[in-house]
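Below are structures written as structure tokens.
In what follows, chain A forms one complex with chain B and a second complex with chain C.
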Partner chain A sequence: MIPGRGGAGGKKRGGHFKIEPFRHKVDLDPQYAEKTWKVLEDAIHEIHNHNAFGLSFEELYRNAYNMVLHKFGDRLYKGLEDTITAHLVEVSKKIDVAQGLLFLEETNKRWEDHNKSMQMIRDILMYMDRTYVNQHGKTPVHELGLKLWRDTVVRCDTIKPRLSATLLELIQKERSGETIDRALVRCITKMLMDLGTQVYCEDFERPFLEASADFYKVESQEYIASSDCPAYLKKAEQRLNEETARVSHYLDPSTETKITTVVEKELVGTQVKILVDLPNSGLVALMKDDKFDDLERMFCLFRRGGVLQGLSTMRDSMSEYLRETGKHLVLDPERIKDPVEYVQRLLDERDKMDDIIKKSFHNDKTFQHTLNQAFEYFINLNPRSPEFISLFVDDKLRKGLKGVSEEEVEVVLDKVMMLFRYLQEKDVFEKYYKQHLAKRLLPGRSMSDDAERSLLVKLKTECGYQFTSKLEGMFTDMKTSRDHMHDFRQQGIDLGGIDLQVQILTTGSWPTQSAAKCNLPPELEHCCEQFKELPQAAWSLEVTETRELSLHCGRPDPGRSTLWTAGPRTLHTVDSRTPDAPHCGRPDPGRSTLWTAGPRTLHTVDGRTPDAPHCGRPDPGRSTLWTAGPRTLHTVDGTHYV
Partner chain B sequence: ECEEIVSETVALNSCSWGDSLLELWEEGQLCDITLCTSTDELPAHRIVLASASPFFRAMFTGAGEHMAEGKSTRVDITGVDGETLRQLVACVYRREVEITPQNVEGLLGGSAYLGLRQIQDACSDFLHAS
Partner chain C sequence: MGKPETVRLVSKEGFEFVIDYKAACVSNTIKNMLSSQGNFTETELGEIKFPEISTPILEKVCQYFYYKLRYTHCPDVIPEFKIEPDIALQLLMASNFLDT
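So, the complex of A and B:
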């Protein structure tokens, strides 16, 4: 048994009683509490009067310690609360006397004093904070000091309205360009934050945001009446920057999004539609003139949280503009005359918009989507778009890519693919592409096999194997034909001076029309028979009945090349020159001749249609391609057929 | 080739530092305060006392700095008796406390007064155990 244990006070701590210092049973002076408190009260007064130098910390600490130890904590705490309150009532009166700017200065000075005093008082009453306050759920001394300052000073009837009004007045002055004492305002807003977020919000922030909304409401009306779109946007941006700077200089960081939202809403949000639609300086005008900076400013302002419908309004306007100009582009009778120029204009327009979206709209996906939708809309307004795009490729692959690096070719092809993606009638494109490709492959007119293959891969990636299987078949046929010709030549058969070129084409892969069997002149018939003797060729002819045999006879003229489809009904040519009037009858020995088996019409892809195809003898001096299969006949001669 | 020099943080043994403070105290070197009780005078280092006890911290850096204690190298301690104070200050330097049935009452009161939490808890546990 420990002596004096009965005198130990106890409290709950971590599941068992904590033992406190022993209170020795001494006969206390009945006036002990009041006398001791008086000492402490006097000391607090001295502290408030900046006159603590003569006090003994240890003595005051011991007195407070003993009061708590002897269960006079209530008296001590109550005494403290009353003394501080009474002091602060006097302080608030002194603050209230101060006029003008001095009001804030006085508030700040008194606040600093109060903090220092409370710090010292807390040190003296440390033991009370640790035990009594804890055990009785009281407000600790430091927090008590804040609470009393809040209720007795900041929120007293005379000071509260003046405080927020003075702060707002200073901010208003700064908005008008005057210089204010930012450090002082910062101290006051910090004081409000120290008193609690709620005090800062209710006593300052809410009225500040309301006043700001009113201010910017008026300012937006003034601005819009006197500025064009870029100038307005610059002012709004400047105001936003100012408010952000203001927060960093003397407001709590939590206010930043709130005040910028107010500015966004009142200064930007209310004018979105008007700004976008301004006739000579709105979105369309800025896009036309490539005003990247102004466009970016608009984008950045309009995408801010406080601006409702900002970006969607921009997109709507952009879409409307693109659809309108695009419509003109694709339906303009002048443009349709030149397919290459037509497609080039589409590419240029898309490049321009792409550039704007990259540089000004931060590559925003929704703007890209709007751009794509607009292009898809107007490209398909013209049913000839698929054909024109194929012709554009044809032009590039024939001559347009001369002296251009592989990378640049890829860029052009990628851009074409972009347009291709917009096409709804992809099959129509395929139809034309097949024709144009045939006219490049058969006469060997394509500039670059790599580029051809590259585009094929892109089409395959885009549309799948099915889409390109026939096109790939055409390439395969070309290779097979070359191999067979090679084998045939190896045999060294005498063809009577005729240079035989045979191309074996798979039915269905090539854009040929059905044609009746045509009767070849004996010399050519002989050549054909010789070729058919070739084991590999015979094999492919027999095994795959769907294949057709095309013959290229005569002496090739490297300078010319013409393809004739000489079916019973159609005859195609890609020659720049077109026969005036094809004929049937005896061949003219001086001319290259084409046999057909009773054609009725003759088409050319350059838009001119000859009256009728003709038959005749081949001109040995010219290269001629015969399709001597059961149904079709091709020629790659470059001459007139008169 | 020049190897890049990477900065490195190495933990240092704090025991030797504590040992040195104890040594300085035992040798009476660099002491900057004298604690005066009715029976005793005890030289010590303010920085050591303030780092261990909120009471001394308030006395040397807080309220006490603006009061009589602030200008003096001698301070009166009346809330703790001389012998207990010597034991407690020694505990602070030695980083250990020896509790006996004889000294537990004094140590408990003194540690509560000076805010030496660990010693107060140790004394409390000692009384529970016995």
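So, the complex of A and C:
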């Protein structure tokens, strides 16, 4: 209340003036507060009855202002609280009367009314809000309104259970396929949220989650009994999507993760083991049939947060299946007969699983790991695996990769490398590979030098330099041999009509074969001499015998030796002929000479009896023959060379 | 009811000051009054009566509204708003009431 001052302007006296005290304060104290309050109370009632348009805002505001100014803020506040509470009690009675869906509608309507009224009241009592409330630490008007609503209406004993029950009923209806008034539910949930997250959680969310859990528990039992794995997964996915949509439509977003977790847990989590193990449609069956979509669905569902150990169960099952099939594959006696087929089957199996992991499991590392472990396990069950893999490579490099493009060659070699990695006995592999490589290189049987080298590089990358040093040595030797032969031929030395091919090998790099002393026939000796006379350092002739009658020469120079191989019945040079048939070759350019050696004899073409010693003369059309005893080579006239 | 162009402020003695809506809204109280949801008379008529604010005070207040509008967010040098000392107290009370 602003005291009136008559003639305010005239009081100025050269900077010094008097300020009059307020006039009305003392007089009106006792009734003033009550009177003012009465005015306000009536106004509030009018507002509640939607009759506000007759009022003057300014007047009410002024009244409130004055009350606070004159220290009647307490009275004002208390009066406000009481009035609103009384009003709300009335409101709640009215809401209670309504039934069913009307109940929710009535609640909603009253809530909206309440909000509007509170806003008006707050506007009027703005001054109080600003000053009194802050000074005395009371709840501001707006919040007071919410609190009173919550306490009197929502938490009212009769209303509270009905409210959540009705809401849950509606949601249940929707789950069964009926349509409900979503907007209405939205308003109610929003109301609960406005009243406070805690109210929402306690009054609605918790019972909602509980009811949902029960519902889905029952549903999962029904489904699992009636459908197979892929169908069940589809249904689960559908329900999950439904719930997410529901949240976006009329629930608070914070509920989303909670409800999805519940669904995941009840619908999927409890059934994980059962689903995976279903005999005809579980994980194993799906993998066998390459059902990528279903597998992907399973993977995505099991990956979700609410599903405990979903993925690990899948992994275990997959691992078991792999190990079983792998073991079966590896120990099957039929398979073992054909190593190439064996390895090919392994590769196929691996390709298939790789495909599944890529398409359905999103290249998940844990599944890759499981796959690798399973393979490692069963490949090593068969001790001959390294040998077979080497044979497979051997086959491919000899002829299997003929006509295949470079990239495809690389692909095949990479796959073989993958299998190689699984081996535990890598040194066994090396041993066999060295043998096979020697057999390929010496007779020049390898189909592609590039492929060989490529594989060698891969092995080196995998196992380090040490592992492949000998193999590399073999390659280098081949090259050097070629160079030497070239030089030798250039020299035009007369070898007595014998065409000679020499491979120079480093001792130790090549598969060592102990050889007995072998006497060379004079012509061969002659050739050797000629060869030895190459401008190299002096070399010693060291002839070793092997089971296959391989002949070596050694020379002290960079520690390299020459080799002639001799099969059990034949001495071959580069293009070996069949072991059994007695052959001879004519010594014309471009062809190698061949001598067969029986267990004790060397025959001529006309196949005379094994025991008789023969001889041949080195003229065109006839071959020279030498018989070879277990340790000697004879000439025709029977003189021995021991 | 749409926003009116001007608002009328009526002093204790009945003097009417017609000012822009924007100027009037410098005062939070007036702003609330005018934008309130309820159907108060003020919003209906676009007129607010202040039976406790005398004319010279109300006049000064209106001047302040325009002063405030003119110089808010203005980079220029802001001139002083002259307040005569003898109306200072009443002006203070009024501005407290009006939340200005």
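Things worth noting here:
Quick note on the criterion: the second predicted complex is superposed on the first by the 495 of 642 C-alpha atoms of A that agree within 3 Å, B and C clash if a C-alpha of one lies under 4 Å from a C-alpha of the other, contacts with A are read in each partner's own complex, and residues count from 1 in each chain.
Assume contacts are C-beta pairs under 8 Å (C-beta built on N, C-alpha and C of every residue); 3 or more make two chains touch, one makes a residue touch a chain.
All values derive from a computational prediction rather than experimental measurement.
When both complexes are overlaid on chain A, the residue A:Lys38 reaches neither chain B nor chain C. After overlaying the two complexes on the shared chain, residue contacts for A:His328 are found with neither chain B nor chain C. Using the contact criterion defined above for the overlaid structures, shared-chain residue A:Phe57 touches chain B and also reaches chain C.
In the superposed model, A:Lys399 makes contact with neither chain B nor chain C.
With both structures placed on the common chain, the touch criterion links A:Met120 to chain B and to chain C.
Of the two partner chains placed around the shared chain by superposition, chain B and chain C are both touched by A:Arg130. Residues 2, 4-5, 8, 17, 19, 52-58, 61-62, 65, 119-120, 123, 126-127, 130 of chain A are contacted both by chain B in one complex and by chain C in the other. Residue ranges of chain C in contact with chain A, taken from their complex: 12, 28-29, 32-33, 36-44, 48-54, 56-57, 84-87, 89-90, 93-94, 97, 99. Residue ranges on chain A touching chain B, taken from their complex, read 2-5, 8, 16-22, 52-62, 65, 119-124, 126-127, 130.
Those residues of chain A whose C-beta lies close enough to touch chain C in the complex are 1-2, 4-5, 8-9, 11-12, 15, 17, 19, 47, 52-58, 61-62, 65, 116, 119-120, 123, 126-127, 130. Considering their complex, residues 54-55, 58-59, 62-64, 66-71, 75-79, 101, 104-105, 108-109, 112-113, 115, 121, 123-124, 127-128, 130 of chain B touch chain A.
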